[in-house]
Amino acid sequence: MNGFLNIVSKDLRLALRQRSDLTMAVLFFILTAMLFPFGLGPEPNLLARIAPGIIWVTALLSVLLSLERIFLADYEDGSLEQLVLSCASLEIAILAKVLAHWLTTGLPLIMAAPLIALLFNMDTEAITILLIAMLLGTPSLSLIGAIAGTLTLGARRGGVLIPLLVLPLYIPTLIFGVGAIDAAMNSLEAGAVIANARPHLLLLGAILLVSLLITPLAGAAALKQALE
Amino acid sequence: MSVFHRFANPNRFLKLTNTVLPWVSGITVVSLVAGLYMAFFTSPPDYQQGESVRIMYIHVPSAWMAMFIYTSIAIASVCSLIWRHPLADLAAKASAPIGAGFTFLALATGSLWGKPMWGAWWVWDARLTSVLILFFLYLGHMALMNAFEEQERGNRAAAILAIVGFVNIPIIKFSVDWWNTLHQPASVMRADGPSIDPSMLWPLLIMGLAFKFFYLAVLLIKIKSELIEAKLRKYRRAMVDSA
Amino acid sequence: MDQIMNFFSMGNYGAYIWTAYILTAVVMLSLLVTTLQRLHKNQAELEELQQLMESAKQSNNKEETARP
Amino acid sequence: MGKSLFSGENLTCVRGGRNVFIGLSFHLTESSVLILEGPNGSGKSSLIRILSGLLRARTGTLTWQNEDATNEPEIFQKHIHYIGHRNAIKPVLTVQENLSYWSGLDQNDTDLDKALDQFNMLPLKNTPANLLSSGQSRRLALSRLLASRKKLWLLDEPSVGLDVASVKLLEHVIDQHLLTGGSVIFATHSPIDVKAPTRLNLREYSPLYNNALINLDDEEECWV
Amino acid sequence: MNGFLNIVSKDLRLALRQRSDLTMAVLFFILTAMLFPFGLGPEPNLLARIAPGIIWVTALLSVLLSLERIFLADYEDGSLEQLVLSCASLEIAILAKVLAHWLTTGLPLIMAAPLIALLFNMDTEAITILLIAMLLGTPSLSLIGAIAGTLTLGARRGGVLIPLLVLPLYIPTLIFGVGAIDAAMNSLEAGAVIANARPHLLLLGAILLVSLLITPLAGAAALKQALE
Amino acid sequence: MGKSLFSGENLTCVRGGRNVFIGLSFHLTESSVLILEGPNGSGKSSLIRILSGLLRARTGTLTWQNEDATNEPEIFQKHIHYIGHRNAIKPVLTVQENLSYWSGLDQNDTDLDKALDQFNMLPLKNTPANLLSSGQSRRLALSRLLASRKKLWLLDEPSVGLDVASVKLLEHVIDQHLLTGGSVIFATHSPIDVKAPTRLNLREYSPLYNNALINLDDEEECWV
């Protein structure tokens, strides 16, 4: 447990030092989301209708672009070897690195999301559900992405491969993430909002659990073979 | 384990391949001809879908193969990671392009069937979507396998990906049950036996058999070819080293 | 003649059905053909290389026998 | 001779489809030094990676304190400290932060200062690591050895970039480690002067340099 | 002129060698575009309505991600200094590099666009206009992006800055690019399609001309100071 | 003594807000070798970067062939070849491609083969560069010297990672370069044996080691 917190705190400190690591994902998120009103025209109804999809797709892309960061720098400067050798459990170490990634990428995205949602005329109830869905969904994005990050270490052009490997695996999260908000927006009575969104949120939780199980195992196996 | 090591020797494996291959090819050709004949001449048009049902005899076997080959790759990957047997890596590597080909066929023939039936080339329902994801997984698998200078690293990375991606297979299979979709629910591979008329079931099964043996034949040839390539690489290296 | 036309039009689904079958044939054949081509290329190269190594060995042997 | 600590029998290493070395054996007793020698590409770094458990040998056995550890590198991994060609230094962190992270010690631990002092790095304690010269970086990496307290040190060309005075410091540190019962295996091209070392030259096990080994692998089964 | 072709051909050869450079932008384009139907739901009408916007935004992002490539690798390995020293005119050299970038990024995008358009149920006339608009618009994307690429050379984390600098400058291209197709889709008579789209296409052409003028000048100045 | 090639007067270098060296002068004639010595952090690498024009000295003048080049590094930049700590090798390219990519020569040029051969890298010609051992990478970087035909070589610890035989090759190559009228400046900690070298020890110019210099910068205006 000590090792876990140690890794998380070190990664956080690194991210805070090189501030741009922190801002990059959010900045990309906000700028890209703002392109859509320009591309689609300013009809409020249309924008509100597609807002959940746009926000999720943009969040997905922002996470995608920061995935290479999780392990690549450590791999290149030799820290990864030290990590593998010094950690009692590689699985725990991977979870720690993913947590640090989520704290520096997913969490800022969640904080920026209401802003975008307001720009797109989403109503408050939908925004609440959006936040809950993102809280459940973005950790899965970091977890699944970490697998791709470890698999492409040392590959000829790892950065190109990551989208190809990761986007197909992100699709379920996207579908249920959007589904939850759409369900909330379509429910006529106020009380039914949560009830309607619940199945989608449960599925997001299930994805999170599955990836919490798979990522440490697959990631540890991938890391070990990357260092051979 | 012991069965596995029976073929551990590449030469023994090559010998086995050479005796088996003619039979496999023969079965492929015979069942393909029989299947096609039945598909076009003995099977009746569907009472709802008319003649267009004849696309089924390639669409469904292709879809089966898409899932079957991915499953084989995942199994081979488990073997490769646990026992580190090179044959498993070779099988996975040789299977991926064939699987991608069949997945493409399932998508393309499905689209060609969907246009007259549903009025659209493509709809975003769960079955179709998950097959599309499968196609991307195949592409990712092939790309990852070739992304490393060292073949062994590529094999290992691709194996891990194949196992992770396997979660998609049950989703494809059961998507029609879990979500209400445009696509037909299962009518052949069901727990309570097939619910399809024998006059259509037989050609379908025979075509399925033909596709499976086609896969086996191409797979064996590909592995053989890879083995020869390994030998070539070794000779070349020896020549450089001794020079 | 009519029968043949009938057969090919497939109750107006001909275009879809035949495209599907032709596409399938193309994909499966190209899988087979590329595999076979690769096999033949490799086999030819292997033979060439083996001959080369044989002759290298023989000339080596000759040198060795000639020396003493 | 002392008690046996770590030994390998008949190790063969394959990398990139090539035999790097074949049939290598070594033996390390407690409180002793093993120096790996051999020309470039003879497999010193590869051997060290095998001994650190990062890489697996294709064949052969590894024994740690009379226990077979061939398939369980974890057995010895927790007793070793490995320093490779790369220094694992984060440029944005200070010298002290870099050290404290990997040693798992607290930032204010006096052991950190002691470790830095042994390599004469104390004046640079609060310097960001991206301002270090190459020799200073190497010294920072080496001072982790002292902060981590492992039994066996595996060092890959530890003296690269060090000036003469720092090589002396390194030699002193190694001697101290031997006195406290530790052992060291290192690869080097330039002389490092330690007490009673055993030497292993990898030249004779490498097909690249020893032609007698080239045909050995012809009979072997080849798959990949 | 000889120097121009020399640079173009060398860059093209490098891109062909590392095939993934070529496929990266297209792959990202296709995969990202496919995310939207998952995110927005499968209503064919909605998809067709927003298809032009989606396609343009996605194309924009794909170009954006490849911008760092134009000059950064050359800067880091010192070829840029060679280029500056050996070229008669730095402006021509920059145009050559931009052309190579467009050939390896913009052109593949244009070829992939009809496929995406079909998946989104766009009709053939709209697709024609889409292609014309992209032919006029994507070169501007490469040109404008090249300025940002040169400006961020040597900045501590140039990659983060590029989106910030470039996305605002891309917005006019986006607006007229989408406008052309929307105009085509909304025209009721077949003959009016081109006529309706023409003003937008002309504006796209004007943007292209302006950026053709500005990029070499701004780029050359930025390069010189980056190499100081 | 021969004709003057490159000289510096009273150079002062500031990096990271610190004086690295103060008031350093050097003089290099044609066909000669200048060896930079000094402990870690004394500024050898910094001096070499100044001489390659990558870094500017805070004060002082540089003269190339009797021409003042302090503010126009282009004057000497086109005559030098610089090899730093990093090997600048593209891992995806093969050894041969790496060499030809940098030297601007055609892939099939026999000069490439000659250059590789001088450092005994010809057998590895078609190996991807990421499979090289550390000494092999360094030799690949060094063989660029031969393919590029520049007058002055600036080498930062060129013998790092080289085995004894390769250091011999390097010495031979430097001697050859001197014979054909070239000059070399290199920094090193381990002995490299070349003909009639001039030596410059940076210790005495570095405030880190020479206490007399510490107060010197106190008076100076400090902005950074």
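The first chain written gets the first letter, and so on, giving A, B, C, D, E and F; residue counts start at 1 in each chain.
Please note the rule applied: a residue touches a chain if its C-beta (ideal position, glycine included) is under 8 Å from a C-beta of that chain, and two chains touch if they have at least 3 such contacts.
Everything numeric here is computed off the predicted structure, so don't read it as measured data.
*Asks:* Is the structure still one piece when chain B is ignored, or which groups does it split into?
*Replies:* A, D, E, F | C
*Asks:* What chains touch chain C and also chain E?
*Replies:* Touching chain C as well as chain E, we find B.
*Asks:* Which chain maximises the distance between its CA centroid and that of chain B?
*Replies:* F
*Asks:* Of the chains shown, whose Cα centre falls closest to the middle of all protein Cα atoms?
*Replies:* Chain nearest the centroid of all protein C-alpha atoms: A.
*Asks:* When I count C-beta pairs in contact, which pair ends up with more: B-F or A-D?
*Replies:* A-D
*Asks:* Tell me whether chain D and chain F, two copies of the same sequence, contact each other through the same residue numbers or different ones, using over half shared as the line for same.
*Replies:* Here the answer is same, because the shared fraction of interface numbers exceeds one half.
*Asks:* For chain B versus chain E, what separation do you get between their C-alpha means, in angstrom?
*Replies:* 38
*Asks:* What's the distance between the Cα centroids of chain D and chain F, rounded to whole Å?
*Replies:* 29
*Asks:* Could you grab the centroid distance between chain B and chain D? Build each centroid from C-alpha atoms only and quote it in angstrom.
*Replies:* Comparing mean C-alpha positions, chain D is 47 Å from chain B.
*Asks:* Would you kindly tell me how far, in whole Å, the mean C-alpha position of chain C lies from that of chain A?
*Replies:* Whole-Å distance between the two chain centres: 45.
*Asks:* Which positions in chain B are in touch with at least two other chains?
*Replies:* Residues 129, 136, 149-150, 231, 241 of chain B each touch two or more of the other chains.
*Asks:* Among the residues of chain C, which ones contact at least 2 other chains?
*Replies:* Correct list: empty.
*Asks:* On chain F, where are the residues touching two or more other chains?
*Replies:* Each of 92, 130-131 in chain F touches at least two other chains.
*Asks:* Show which residues of chain B lie in contact with chain E when the two form their complex.
*Replies:* Going by the criterion above, the answer is residues 120-125, 129, 132, 136.
*Asks:* Per the contact definition, I'd like the list of chain B residues that touch chain D in the complex.
*Replies:* So the residues of chain B in touch with chain D come to 8-10, 86-87, 89-90, 149-152, 227, 230-231, 233-234, 237-238, 241-242.
*Asks:* If you look only at chain D, which of its residues touch chain F in the complex?
*Replies:* Within the complex, chain D touches chain F at residues 15-16, 38-41, 45, 85, 131-136, 139, 157, 160-166, 189-190.
*Asks:* Quick check on the complex: what are the chain E residues that touch chain A?
*Replies:* Those in contact with chain A are residues 18, 20-21, 23-24, 27-28, 31-32, 35-36, 38-41, 46, 49-50, 52-54, 56-57, 60-61, 65, 156-157, 159-160, 163-164, 167, 170-171, 174-175, 178, 182.
*Asks:* Inside the complex, what are the residues of chain D that reach chain B?
*Replies:* Contact set of chain D toward chain B: 15-18, 207-208, 211, 214, 218, 221-224.
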